[in-house]
Amino acid sequence: MAKTKTAIYPGTFDPITNGHNIDLITRTLKIFDRIVIAVAPSRKKHPLFTIEERISLIKNSVSDFNGASTEPFSSLLVDYARKRESVAIVRGLRAVSDFDYELQMALINRHLDADIETVFMMPSQEYIFLSSTVVKEIASFGGSVRGLVPAVVEEALKEKFKNR
Amino acid sequence: MAKTKTAIYPGTFDPITNGHNIDLITRTLKIFDRIVIAVAPSRKKHPLFTIEERISLIKNSVSDFNGASTEPFSSLLVDYARKRESVAIVRGLRAVSDFDYELQMALINRHLDADIETVFMMPSQEYIFLSSTVVKEIASFGGSVRGLVPAVVEEALKEKFKNR
Amino acid sequence: MAKTKTAIYPGTFDPITNGHNIDLITRTLKIFDRIVIAVAPSRKKHPLFTIEERISLIKNSVSDFNGASTEPFSSLLVDYARKRESVAIVRGLRAVSDFDYELQMALINRHLDADIETVFMMPSQEYIFLSSTVVKEIASFGGSVRGLVPAVVEEALKEKFKNR
Amino acid sequence: MAKTKTAIYPGTFDPITNGHNIDLITRTLKIFDRIVIAVAPSRKKHPLFTIEERISLIKNSVSDFNGASTEPFSSLLVDYARKRESVAIVRGLRAVSDFDYELQMALINRHLDADIETVFMMPSQEYIFLSSTVVKEIASFGGSVRGLVPAVVEEALKEKFKNR
Amino acid sequence: MAKTKTAIYPGTFDPITNGHNIDLITRTLKIFDRIVIAVAPSRKKHPLFTIEERISLIKNSVSDFNGASTEPFSSLLVDYARKRESVAIVRGLRAVSDFDYELQMALINRHLDADIETVFMMPSQEYIFLSSTVVKEIASFGGSVRGLVPAVVEEALKEKFKNR
Amino acid sequence: MAKTKTAIYPGTFDPITNGHNIDLITRTLKIFDRIVIAVAPSRKKHPLFTIEERISLIKNSVSDFNGASTEPFSSLLVDYARKRESVAIVRGLRAVSDFDYELQMALINRHLDADIETVFMMPSQEYIFLSSTVVKEIASFGGSVRGLVPAVVEEALKEKFKNR
């Protein structure tokens, strides 16, 4: 009998996109038994959505997935991963991600806790160039983001930019 | 109860190095229950070691690992992975690997079989710049490769280059 | 008889440099019949020059070019391009540009409007490492930017940093 | 009245794929009036298809395109482009192409003939990771390349590898 | 008799890390006779440490090195280098540094003063993914930075984040 | 009084180009007192010029430089560097070089001999995209390589390709 294995999927998710969402989470759940989507406050000063809004959008988008849960976290990632008894941190490997930055963070996290692996997975090809930043840029000009984000996020973006 | 999960770790392994070896295999076995080290003939015309020698060197180096097995393969990787009932292909993500090539292969393998994920893992930092090619280059000039490869590979390299 | 073809050349141009300017515009006008230099407000909070100043500096610098016009734009780029009846968006491909970002934007723009192509062109080698950011950095320390920007921009930079 | 503009699209095309083919050629013909597909012998020792086979496969695949022609060339690319009265060399900008190599060739070609521009265009996202090399690798193992190459190339690949 | 050679090592050093510190400075002093560690105010709005604090932390960390001195500078780098009679600017070449940015700055500095070379050196492999940014991120969450920075910096970081 | 410092500049030099030549060697001699140009047999099967021809072309091209000498070497690079009492290995950092490969070799050489530093220097911007490979490609088609290589190499290339 194999042991139950949990992965942490950390990010800002401002907001969650189809590249993060159904896609990478589905794929992760083929390898791991549980995935904890861990929402960080934000490295930038002013996220578009509050952390409560971001968590709510994710929960709405992943409600059909068995084994997925969503939580805020604001401690050191490896401490949080240990607390959740995770064996791995999962990161999406997109063509637009900063690969060197990802390697750096993975090495630093290993330096801080040698027991937690970082595992890189690949979103669907159609989402491999998609980022939250570009989605917000399109929405801010009134462009359509249909097919790039879950329907609930599409609505939330419209609402956000209606008053601007 | 979680299902037993098998990963395929494909490569030429000409020869296996410490970056591939104890390191990445140990890490993979934290996530997966079994790892099949799948040795490909060689994309280049003249590998230094025959496929039998390469398999033998790997078997000698990983004999202590529960869950690891070593086999030759010469079919399409996804066909082989399916035959071994693997959920994933594991690739080491080294700073010297051709990242674009790895993304390309992972996307093509997904195109050929959408059920098999490619998972990228990271070797120890001290091995992140290590490749079989550089190990052979050092050995060919009589340089020491101690600490870069398992002891059995160190011996085999000395033997190979003794007669040159 | 071939149809008249218009290209949009979008950017912040804060300020225009010799890498953008005479060089890339001349080259674009070998391929296209008309080029519309489309000046975006600014992705950063505080551009050095106002949009009016930036447009004025460009107009002064490209006055000799038949077929070149300069305009502000603040809508979605593909909407603007369609309004101007352009067949293509032109981007300079510099060694210091974020190539992944350029690919991402080009793919997103195609997603939004499949009829508008993005075409990448290359500035002269002597300008291939030149950016507006580095020009401003040099000028802010009182260094000479002669040969890196049009004369009118050189003057404007001196004026800007005189009072700092 | 605008002048008729011709682009040269050089490559080895061993064999032509969907990333090169319908896709990039259609896009090029939106910008240029004519495209000359110029087939180079091969930088590698042993191409899979002879140059006659490669030209024939291209001609079969692009027969529906007005303005496209296919020819072998074995001189210096800029000399050939000048002979064909081209204003530009077109190159596809794939994520797997060697971007530095492309920049180098474009700069060298400009050094050799300042009148001929290199223009980079982007294939469809689904083909952005596709190369002739990977297509041949799949076919050599009996894998399906349907959707990756024109039907006539699919047949030719099957034929080639039948006798191996 | 060889002439005494001085190198300038410019940076923000907010704060100095082991990747900058003992390591790169020791290595530089094998090639050059003197090294001037030149501390720039900061390209970002709010450095964590004041320039006085940053200089003091460096002086404490490099007090054992013959030939090393530490100074603030706020002029154009090449002017400063000339004033210090340096033959070269030294930059660490880390895997996480922006290589294109480094090339750009080196070319611009050469454009401004052709007599001053930029020389790139490599920190120890264990520090090749280490940056001031990641060190601050770890410390801000109460994580241990022992072994990543000199002891005096470890203390200063604890003090800084105690009151946050 | 400073100690005399020698640098090793290793390469295949098949053939030496202006990017290697007057340029990088002049720059190196501003930092180091002596430079030993160390010519390796060739990593590829068939170099265009024999090692004797390559050394002769270099000697002809650098005869005016005080402090430069040219030699073949076929041992491990660090052993050779030690024998020549060098403090450093010098490598040109071109935009077309394989940066990851350079980092890998530098780290491996440090692993083999911690006393020898690798120092990266930058050729003139006009040569930053120039390689021996592209020079040979141009010459093989009868294109002019004037300004890209020393006059003696231009002659030698003409001679080589005359009989092909």
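As written, the chains take the letters A, B, C, D, E and F, and residue 1 is the first residue of each chain.
In the analysis below, a residue touches a chain if its C-beta (ideal position, glycine included) is under 8 Å from a C-beta of that chain, and two chains touch if they have at least 3 such contacts.
Since this is a predicted model, take the numbers as computed values, not measurements.
Trainee: Where are there more C-beta contacts: A-C or A-D?
Mentor: Pair with more contacting C-beta pairs, A-C versus A-D: A-C.
Trainee: Kindly point out which of A-D, B-E or B-F repeats the A-E interface, defined as over half of the contact pairs being the same residue numbers.
Mentor: Selected pair, repeating A-E: B-F.
Trainee: Can you give the rotation angle that fits chain B onto its twin chain F by Cα atoms, in degrees and rounded to the nearest 5?
Mentor: The C-alpha superposition of chain B onto chain F needs 120 degrees.
Trainee: Counting only Cα atoms for the centres, state how far chain E is from chain F in Å.
Mentor: Computed value for the inter-centroid distance: 30 Å.
Trainee: Which integer distance in Å separates the CA centroid of chain B from that of chain C?
Mentor: 47
Trainee: Just give me the whole-number Å value for how far the CA centre of chain C lies from that of chain E.
Mentor: That pair's centroid distance is 34 Å.
Trainee: Chain C to chain F: how many Å between their CA centres?
Mentor: Roughly 38 Å, centre to centre.
Trainee: On chain F, where are the residues touching two or more other chains?
Mentor: 95, 103, 107, 125, 128-129
Trainee: Would you please name all pairs of chains that touch?
Mentor: A-B, A-C, A-D, A-E, B-D, B-E, B-F, C-D, C-E, C-F, D-F, E-F
Trainee: In the complex of these two chains, what residues of chain D are touching chain C?
Mentor: 1-5, 27, 30-33, 87-88, 93, 95, 99, 103, 106-107, 110, 117-122, 125, 128
Trainee: Can you list the residues on chain A that touch chain D in the complex?
Mentor: Per the touch definition, chain A meets chain D at residues 95, 125-126, 128-129.
Trainee: Show which residues of chain B lie in contact with chain D when the two form their complex.
Mentor: 75-76, 78-79, 100-101, 103-105, 107-108, 111-112
Trainee: What does chain B use to touch chain F in their complex?
Mentor: Within the complex, chain B contacts chain F at residues 95-96, 129-131, 134, 138, 141-144, 148.
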